[in-house]
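Multiple structures are listed underneath, in structure tokens.
Shared between the two complexes below is chain A, which has chain B as its partner in the first and chain C in the second.
The block that comes next holds the complex of A and B.
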């Protein structure tokens, strides 16, 4: 038997500056939130602190030559956690730090590098950060060949380009349809991922540890499921400021299977429950309950979402990342655990669920949310990178017509506010609200 | 013969099998008309009658939690004579007999109407998620499952499976006029008893998926397979994408020109 020598990258202090800047940016946000005693700010502060800690951990690993990987929320983070492998998403900036002040500058730099402007800005930025040496080079990369062509292209580029060509890359093969055969197949793919990670990082997967992590995630998803029911209340207890995106960050990125994440979810639930009992929401009078069917416009979120609340009494009741089916993982044995992970990561994970397979998910999710959450308006932002979803806009419109709920497709870039400016979005939404007699 | 008729037989065999195993099987016959169905119910039925959310602390019984099992599906026939209109079959404990319990939950809704066809199936699917229409009853908003709660207040008023069944029948008959007759099966006996029901449900759902594909196709959408196999070069809309790319470039240039040089 031969023991393969593990690859280790030499730490270069001049690299991944942007990653450090992001950490500092989150630290700065945490400092601001510390001065705000209200419960929502404190919930946000805890998530921000958790984020900073992960950034610190990755930086430390890089400096000390310890293994860490780049992975994805939908590629079984439960497994990285159980293996004790620190990880980060190479799309972290667009997902998490998109409101950072340098974002526009980076988008232009990506364009100057020759990356196509019709390519999803999140993917474009991620490749730019890698090519420009601004993000930490991992020991191994878990790539994605789903749910969209844009993500697939990113990982093809990373695999072939010079910068990270020596980083081993693995992508699990996602089945198209949702059935037991698909779950069985994808469970096998996750096992291959474990073998890959063990080979390239030296970390080992211990079944008991995986069971422990999954048990804790079951608790987390159960609380999250309870929380999402609370958002059905009139008025909705929380608006755009806290809820799905932060819960996603806790359960699927920074606190997967960790008691601290569970505690945060309990606090989120308790805060919402109290508001439901007191009948308080984010605005004095809730006039429009809307379903934002995508990521929030993180690049300019502060320029649109508060305006919707203040100007129109329009409350974000549900969005794509808060909409998660609940699949508890059956902990009986290794097989049931891997099958549970397969289902959760392939068929439940937000955005992956809708964009990976048949377009019918767009219709069925809308139908369910509109009825359950008493939605007055469905907003499909039409992010320029989400061509898969925009190709289904006709289906979404049809289903909304059947449900007799107004539907608007804006057409914007969630990260680059110059594509359709916040003012243009406001104008379009205002005209639409007026025409539909909303608010 | 309609596409699902064979499943009426399978369902009858399933109920017969459980009866043979000694499970308690209760049959309740309800009236047919919507007004009669609603008459004397202990709770209100109709839009807005349920108050938003039933909290865990206010729950009398929970049904279909994934930890204990849930199996729900519906199908229909265009021959009303094939089903017993108004029949509710309950296998297992009723709601008043289960305070504080988390019951496994099987629910099969069978609709019949001479005018029912494939085009109605999606509407029937949507109708089963009753949202706020039954006082004291909440189906949790999670896809693929019927996972529900009955409130303590409703249970005190006498909410039972007959209440739920009659409410569902009234809602379906009101919202989908093509539904002339309806029969319901509830199973709460055990997770094991839901297994064979799941198998029948999987087959029914497979047929529904193929109906859905055809339905979307008829409306001009290919919801399941990209006609061009993901090959953009063969897609007739490729010139549109190219044009958009150019427009983005021009817009960005215009914006940066209008903003002028940066101060920094």
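The block that comes next holds the complex of A and C.
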């Protein structure tokens, strides 16, 4: 790799403290999980460990002046992996570490910056971390201008932010509909992204390496898809505690195309298979099988999800990040690989898939999951940032009516528990369960 | 914030020097027609058009290439929520975190108030508007519906993508209506729309005067009417108005400050009326019923009309907040406007729940703070102007500017 003529960022030891704190937080979680011998905790521990390793790697790169980038799970992480570029998400805190103790304080600080309160909290937080110098400054930034307006505006604001104005930024433009023309166009955008990364990091993309990464990811998604089939069982082998979100972290963030990630998925599968055989679920008696159609409420997940299980025997059978209809990448040549990456990242990737284009995905995903997973209840959390989803609530309700399955739209902030408190959520859900005769 | 003199910071010399203070307001027949057109959906000119068998196509965003619609011989009509009394029906489709424009205009659609339309065209403007398309498709019986995939960047590959989108749009008009929009028809429409833009810019030129002959309230009516009337008729009336105003020496002298307005969809003159009632004369804007749709022309020298349209919409015209990578140009545009129109302060309005304009307001605020320009951000509801609160905020803003 040549780094000649590339801009080098001066390392400031006082920056990205929050990032370091986050690494320590994950370390702490890992320590707790180490004391829990059950298989689900051990599966989670492995994910926590690989998370810590990535945080360490980014910190080291920053300290040693080595290239690293900021990117996204749905912006072809296969490419960063093949280029040997360590990467992290500027939305890491809200997406990965939102249960960390400092979150509320940071949300208030973001508000004090004058960022509108109806703007997605994940975006406000990310911009605040940059403004406050709490997040590592990358050599180059891959922005995300879909699936939502909030994300588009966040990346524009990051680009104009004084502290990061010298960080080169690129974002691939998303076509609206899903068709071959869209795939071809997006594949072109990904090629432009590669050229951008090569220019600004000095790293080069080797096609054989990319093929190797994609081959491994194909394996990963195959196992994941088999795993999701196991979740159809009664009782569902895993609940909210392990499954989709961790599989997402493995395949799309920390272990994209790496054998260790594949091995973890195999372990996840084996654990689920064993449970299906033994008819073991996360609760002694599964009474409600629900589909949580969004991210988990990462900011206060421990205050709601265990309650659902314990109080109502309600098991999360499927959620947005576990619902990954991945198409394998055709490895024949460069063109097929790029088109495969375009399809996977734009049309298959969770949340991007549902939110980017027309509302039909909301309707078809509900129909599929309700039927395949024998769902008793569809919960649309209605995160305050997900304006397009909440603007589809009528369509979701109607499809549930057709399927004769109860549907509830809560209205909350996945990160800030003060928006609708966990107690208010519980109250709303309890009343709904009772009214519907569930549980 | 300290009271500042923006032109001293940003601009070389204040324009409009040497004009006399006048306070006579022009009374114009054309203006009256325009004002009437903002107060209803189907204005008399549009009704006459319909009565003669003319077709009308609704457009949900200023990025819909209306020239294609004009070239097909139809009238493009910018969708509004004018006259909506509530959102009960729309509320069964969308939620309370969706913007009020979306709820009101969808409600009107669900109530059949848009049955005069022969089609509706969207682009994926924002997370809220693009969902109207999904509901419309399922619930409202309009014969022709189309959503054009609008890029979010302004570079060459995006121009090329949009060129194809415009071509496909033109083909779909043929498939549905049996009307082939030839290049020749397209060029004719482009010229006609450019003529509108030229006249609108002439009108804005007059607002540079020390005592502008037309208020912000009146100008908004002119601009809104331009999206709701048969084009030839509109241009004729607008020319009359521009001539009348150009020849008159009357103007508004009784204002405390010259204001620039920034934001998204603002089609209700009543909102500006409150600002102007406090002495803040709106002299220019960066709005989608304002400069953003007419400050630039479509290049008539381009070989292919579809390419000309694509380049205009994606790369040339002042962009909307949703266009990534173009914020510095938008900011520069605002600063140019401040200089050209001798603006004292900037008001940025947005509809509550709008992420695009939240982000943009924040960035513009930071840029104008750096440039020392008085700036205020206001949230509003689409139908309910909230006059009391707006008045108080505007008063405070004018006082803060020392006006």
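Here, the second predicted complex is superposed on the first by the 435 of 439 C-alpha atoms of A that agree within 3 Å, B and C clash if a C-alpha of one lies under 4 Å from a C-alpha of the other, contacts with A are read in each partner's own complex, and residues count from 1 in each chain.
The rule is simple: a contact is a pair of C-beta atoms (placed from the backbone, for glycine too) under 8 Å apart; a residue touches a chain by one contact, two chains touch by 3 or more.
Being a predicted model, the structure only gives us computed values, none of them experimental.
Undergrad: Quick check on the chain A-based superposition: chain B and chain C, clash or fit?
TA: clash
Undergrad: Considering only the touch criterion stated at the top, classify A:89 as touching first (chain B), second (chain C), both, or neither.
TA: A:89 sits against neither chain B nor chain C.
Undergrad: For A:145, decide between first (touching chain B), second (touching chain C), both and neither.
TA: A:145: touches chain C, not chain B.
Undergrad: Once the structures are superposed on A, label A:76 by its partner contacts, choosing first (chain B), second (chain C), both or neither.
TA: neither
Undergrad: So in the superposed three-chain picture, is A:273 touching just chain B, just chain C, both, or none of them (first/second/both/neither)?
TA: In the superposition, A:273 contacts chain B only.
Undergrad: Just chain B (first), just chain C (second), both, or neither: which does A:409 touch?
TA: A:409: touches chain C, not chain B.
Undergrad: Who does A:120 touch here: chain B (first), chain C (second), both, or neither?
TA: second
Undergrad: One more residue to check, A:358. First (chain B), second (chain C), both or neither?
TA: So A:358 meets both chain B and chain C here.
Undergrad: One more residue to check, A:185. First (chain B), second (chain C), both or neither?
TA: In the superposition, A:185 touches chain C alone.
Undergrad: Taking the superposition on A as described, I'd like to know which of chain B and chain C A:154 touches: first, second, both or neither.
TA: Only chain C; A:154 stays clear of chain B.
Undergrad: Clash with chain C: which of chain B's stretches 58-66, 220-228 or 256-264?
TA: Clashes occur only in 220-228.
Undergrad: Take the contacts of chain A with chain B and those with chain C, and give the residues found in both.
TA: Looking at chain A, the two contact sets intersect at 116, 118, 149, 358-360, 384, 392, 394-395, 398.
Undergrad: So in the complex, which bits of chain B are touching chain A?
TA: Chain B residues touching chain A: 52-53, 55-56, 66-67, 123, 126, 129, 131-132, 138-145, 212, 216, 219-224, 230, 241, 244-245, 248-249, 251-252, 255-256.
Undergrad: In the complex, go through chain A and note every residue touching chain B.
TA: 116-118, 149, 225-226, 228-230, 232-234, 273, 276, 325-328, 358-360, 363-365, 367-369, 371-374, 384, 392, 394-395, 398, 402-403, 418-419, 421
Undergrad: In the complex formed with chain C, which residues of chain A make contact?
TA: Chain A residues touching chain C: 114-116, 118-120, 143, 145-146, 148-150, 152-157, 159-160, 171, 173-177, 181-182, 185, 188-189, 192, 355, 358-360, 382, 384, 387-388, 390-395, 398, 409, 411.
Undergrad: Per the contact definition, I'd like the list of chain C residues that touch chain A in the complex.
TA: Within the complex, chain C contacts chain A at residues 92-98, 102, 124, 126-128, 130-131, 133-135, 138, 147, 149-153, 157-158, 161, 164, 321-322, 324-325, 327-328, 352-356, 358-363, 365-367.
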